[in-house]
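What follows is one structure encoded as C-alpha cells, with my remarks underneath.
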Amino acid sequence: MTAHPQTSGYNFAYLDEQTKRMIRRAILKAIAIPGYQVPFASREMPMPYGWGTGGVQVTAAILGPRDVLKVIDQGADDTTNAVSIRKFFERVAGVETTTRTADATIIQTRHRIPEAPLREGQVLVYQVPIPEPLRFLEPRETETRKMHALEEYGLMHVKLYEDIARNGHIATTYAYPVKIEGRYVMDPSPTPKFDNPKMHMSEALQLFGAGREKRIYALPPYTDVVSLDFEDHPFEVQRFDRPCALCGAEQVYLDEVVLDDRGGRMFVCSDTDHCESRQAQGLRGELSGEAAQ
Amino acid sequence: MYVSVKGGEAAIDNAHRLLADRRRGDRSVPALTLDQITEQLALGVDRVMSEGSLYDRRLAALAIKQARGDLIEAIFLVRAYRTTLPRFGFAEPVDTGAMLVERRISACYKDLPGGQLLGPTFDYTHRLLDEELEVDARIEPGRMREGASEPVTRIVDILGGEGLIEEEPGTNGEEPGDINQTPLEFPLSRAMRLQSLARGDEGFLLALGYSTQRGYARSHPFAGEIRIGEVEIEVYLPELGFAVPVGRVQLTECQMVNQFKGSAKLPPQFTRGYGLVFGQSERKAMAMALCDRALRAEELGEDIVAPAQDQEFVISHCDNVQATGFVEHLKLPHYVDFQAELGLVRTMRAEFERANGVFQQAQAESAIEKKEAAE
Amino acid sequence: MNAAAAQIENLDRSSEALPLLSVRSVSKAYGARIGCTEVNFDIWPGEVLAIVGESGSGKTTLLNCISTRLEPTSGTIAYRMRDGEMRDLYQLGEAERRFLLRTDWGFVHQNPADGLRMTVSAGANVGERLMAVGHRHYGELRATATDWLGRVEIGADRIDDQPRAFSGGMRQRLQIARNLVTAPRLVFMDEPTGGLDVSVQARLLDLVRGLVNELGLSVIIVTHDLAVARLLSHRMLVMKDGRVVEHGLTDRLLDDPQAPYTQLLVSSILQV
C-alpha cells in the first residue's frame, strides 16, 4: 500500500461538498430501491465521458481519508485507464491505494468483478456506460422508465427467445441482464456474464455509476440477483477448457494472449491480483517456467 | 516464459511528456501568448466560453493553448474546471433590450428603430485568402458611431405590440431549473432545453437547424433579429434587498420569427425560436433558435416527424463533451468482453461447420446415390 | 328501453347477468370539432359488434376511446374484469390498463406493421404476450407459437422468419395469432381487411369467423365495408358525423334499415 500527499487547490476527492452530498443522496436512494436507476445531476469530470466519470463521481462521493482504494480495468490494475483513475485519486484525495483486493475498502472497476469473494465492509464501484438494460430494445427514456415502473419486461425475454431460435443458445456474453429481488431488471455493466453469479448475495455493497447517462443504481449487501433465462435454457457462464498458464487457477476468467503470428496463444487470469497472489503462494501454471522462481 | 505487459504508469508519463513537447513545437518559434489568442483568435475563444459554459476569456485562451487548438478538447478542459467552482447563486435575467449593440440586423424589416447595424461581420467579405495577413500589416482602427444613438428596440417587442407574435412562453412562475443541479429527466421544460442547447455543439445544432430548412420539420423561419453586444449582469443580494451589477458580458442573441397557422388552442400568429450564446457566434445562435422552435412542436400541437423535433434525440446528443467522450472511449481496452465474444463466435462457427459438414456429407451421399442410380 | 336494447334481450347471454363492456354517453371533441358524441351501447360475451360508417364518421375515434387509447371528453366505459367486477376503464391505474391490453384484450390494427414487431421472428411475435405474463419455458413457448401459427394457417417452417418476409395476408393472420394467444375475452379490430386483396380478404374473414365461434370471443370491429359486417357481426352500429344513427341486429338492419342514411348505405352496397 502506498500513501500519497494530496494536491492542494482542490477539495478532498475533487468534488465540492455540495456536489458530494447530492451524489450521496442519490446513492442512498439507490440502496433503498435495489436495481432502480436513480437520476442524478452528474457533473463534468476531468476525464472524458465514457471513461469512468460515473464511477469516479460515486467513488469521490463515498471516499474518506482512511479508505484504501483499488482501481481495475478489465480485471487488471495496470491497464492505462485504471492507472489514470488511481493516480487521479492519489492526487486529489491523497488516499492510500493498493492492488490487493483483500486490502481495499473501495474497488472501482470497469468490466470485471474480482475473483476472490468480496467481504462485508467493502464497496465495489462499477463504471457503467449504458445503464438501461432495455435501451437497445426501446431507445426512448420516457418509455423505458414506464416499462420499469410497470414491470413490463416481456421484451427482454423476446430478445433471449430470438437468441435461442437463431443460435440454439442465448448469445449474450456480457452486460447480461439480471433481475433484482424479483423486481427491477438491471444491467450489470459490461462485465462478462461469467461474473454475474458473483453479484448474487455478495457481502459487499455494489454501486453503479453512469456519468454521461446521469444514473446511479445499487445492490446492497446480500441482494438476490438472478440472471434472466428460460427454464429449459438455464443461464450458464463461460467455461474455459484450461487453467491459467501462469498460476494454474481454474474456474476463473481468462484473457487470451497472442504470443506470435503463427497461432500461438496462451490463456492467463484476467484478474491480475488474483494471479499474482496465487503465484506468490507458489502456485504455478504450465508456462510460468523456471524464470519465475 | 511469458511476462505480462506492465508499466502502464511509465507509459502514461512518457505519453504526457511527448504531448507537452509536441504542443510547444519548434522551440525557435515564439510561444503563443494568451493575449494573442484572446485578441486574434477571439471567435475560437468565444466558442470555448459558450460551449464550455464559463465566461472567462483568459481561461478559454489557456484551454485553447493547452489543447493545441482542438476546440472540443478546450471546451472539455473548461467544463472540467468549472465543475469544481462553488455555485454562489444566479443572476437576474439579462435585459438584451438594453444591450450596447455592436451588430444588430433584422431580415424582417428594411429599416427599423435603431437601424440595421452591420458590425464586424464576415457576411459581405469575398472569401479570398488575404496574403497581406502573412505579415503584420498596419490595420486602421474601426469607426464607431458618434454620440447617443436612438434606442434599439427588439423586433419581437415591435411585433408583440401588435399582438402578431405569441407572448414569450413563460415558465408559469416555476423556477427555470439548472441543468447543473437537477438531473435531466425527459420531457424537459423549455428552460432546461434552452440551457442544454446553449452549451450544445455548434456543428450538431447547425446540421439539425439546417435539416429543418430542408423539410425535416419545416418551420418557415425569418431571422427576426440578431444582435451582438454587451449586457450588464446583475445579481440580487438579499442582504441589500436589490440587484447590483457584477460585470458585463458579450452575448449573441437570435430571435427567430416563425410562421404558424394556428391550432385548436391558438390563433394564427408568429411563434418564436430563441438562441443566446456567449461572445460572438451568430451561426450558433441561429442554429439554436431553429432547434428551439423545432423542439416546441409538442407544445404547439405539431406532429413530431423529424429528428430536430425529438427532444430526447436532440438534447441527449447535443453535448460534444459527452459525445466525444463516449465515441473515444472505444479506445479503452475492451478485451474482457471481446474475449467473451471470441468464445461465442468460435462456438457458433463450430456449430455452423458441424451442421454444414452434415449437410455437405448428405449432399455428397445423395450425389453418389444419383450417380449409382444412373449407372 | 329503446328498440335496440330490446333486441339485445333476445340474444343468448349464456346466463351472464352483466355485459362485458358498457359504454355510456361517450363523447370526444377535438377542439370545436366533434369526434363522436353521446354514444351508448353494451357488448355481451361472445358477441360481435360492427361499427360501420364512412371515413370521418367517428368510428375509429370511438374505437380508440373504448380501447383506452384515446381519453374521451365525457362519458364512461365500464368493463367487467375477470373477477366479475365492473370497472370504469379510465379510473384504472396505468399498470392495470396496460395489463388488460396485453392479456384480456386484443387489438388488431389495419396495418399489421403497427401491431407486430417487424424485426423479430413470427415465433417471438406470438410468444411475446406470454413472456410478458411470466411464461419462461422456451420449448413450451415454441410449441404454443407453432400451434397458433397452424391455427391461422401459417406453416410451422415459417416460425423463425420475420414478418418482413410475409405477405400482407400472412402478416394480418400473424397479428391475429399474436393477439389471441393469451385467450383474450375482447378483441378490437380496426378495418382488419383494409389493405388486402379481395380473395385474401375472404380467406381472412373466414378464418376470423371460425376463431370467434370456436373461442367464444367478443369482438368490436370497425369497418366501412358492409359485407364484412354482414359476414362477421351479430349487431351493428351505424355512425355518421360522430353520431350513432342506427343500432340493431345485423340481419334486421341490413334487411330493413330504418334511418335514411342506413337505407342509402345498404342500397348502395346491395346494388353492386
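Note that the chains are named A, B and C in the order they appear, and that numbering of residues resets to 1 at the start of each chain.
In this section, contacts are C-beta pairs under 8 Å (C-beta built on N, C-alpha and C of every residue); 3 or more make two chains touch, one makes a residue touch a chain.
Not measured: the values here are computed from a predicted model.
Each chain gets a centre from the mean of its Cα atoms; the one farthest from the centre of subunit B is C. Pairs A-B and A-C differ in how many C-beta pairs touch across them, and the larger number is found at A-B. Inter-chain centre distance (subunit A to subunit C, centres taken as mean C-alpha positions): 49 Å.
Per-chain CA centroids place subunit A at a distance of 32 Å from subunit B.
Touching of two or more other chains is recorded for no residue of subunit B. The residues of subunit C never reach two or more other chains; the list is empty. Contact residues on subunit A toward subunit C in their complex (touch as defined above): 146, 149-155, 157-158, 161-162, 164-166, 229-233.
For subunit B in complex with subunit A, the residues that touch the partner chain are 1-2, 4-9, 11-12, 76, 79-80, 82-84, 86-87, 179-187, 312, 316, 321-322, 324-329, 332-337, 339-344, 348, 351.
Contact residues on subunit C toward subunit A in their complex (touch as defined above): 94-95, 98, 102, 117, 120-121, 123-124, 127-129, 131-133, 136-139, 141-142, 159-160.
Subunit A contributes residues 10-11, 14-16, 18-19, 22, 39-46, 48-51, 53, 73-75, 78-84, 87, 110-112, 129, 139-142, 167-168, 171, 173-175, 190-194, 212, 214, 238, 245-246, 253-257, 259, 266, 268, 270, 272, 287-292 to its touches with subunit B in the complex.
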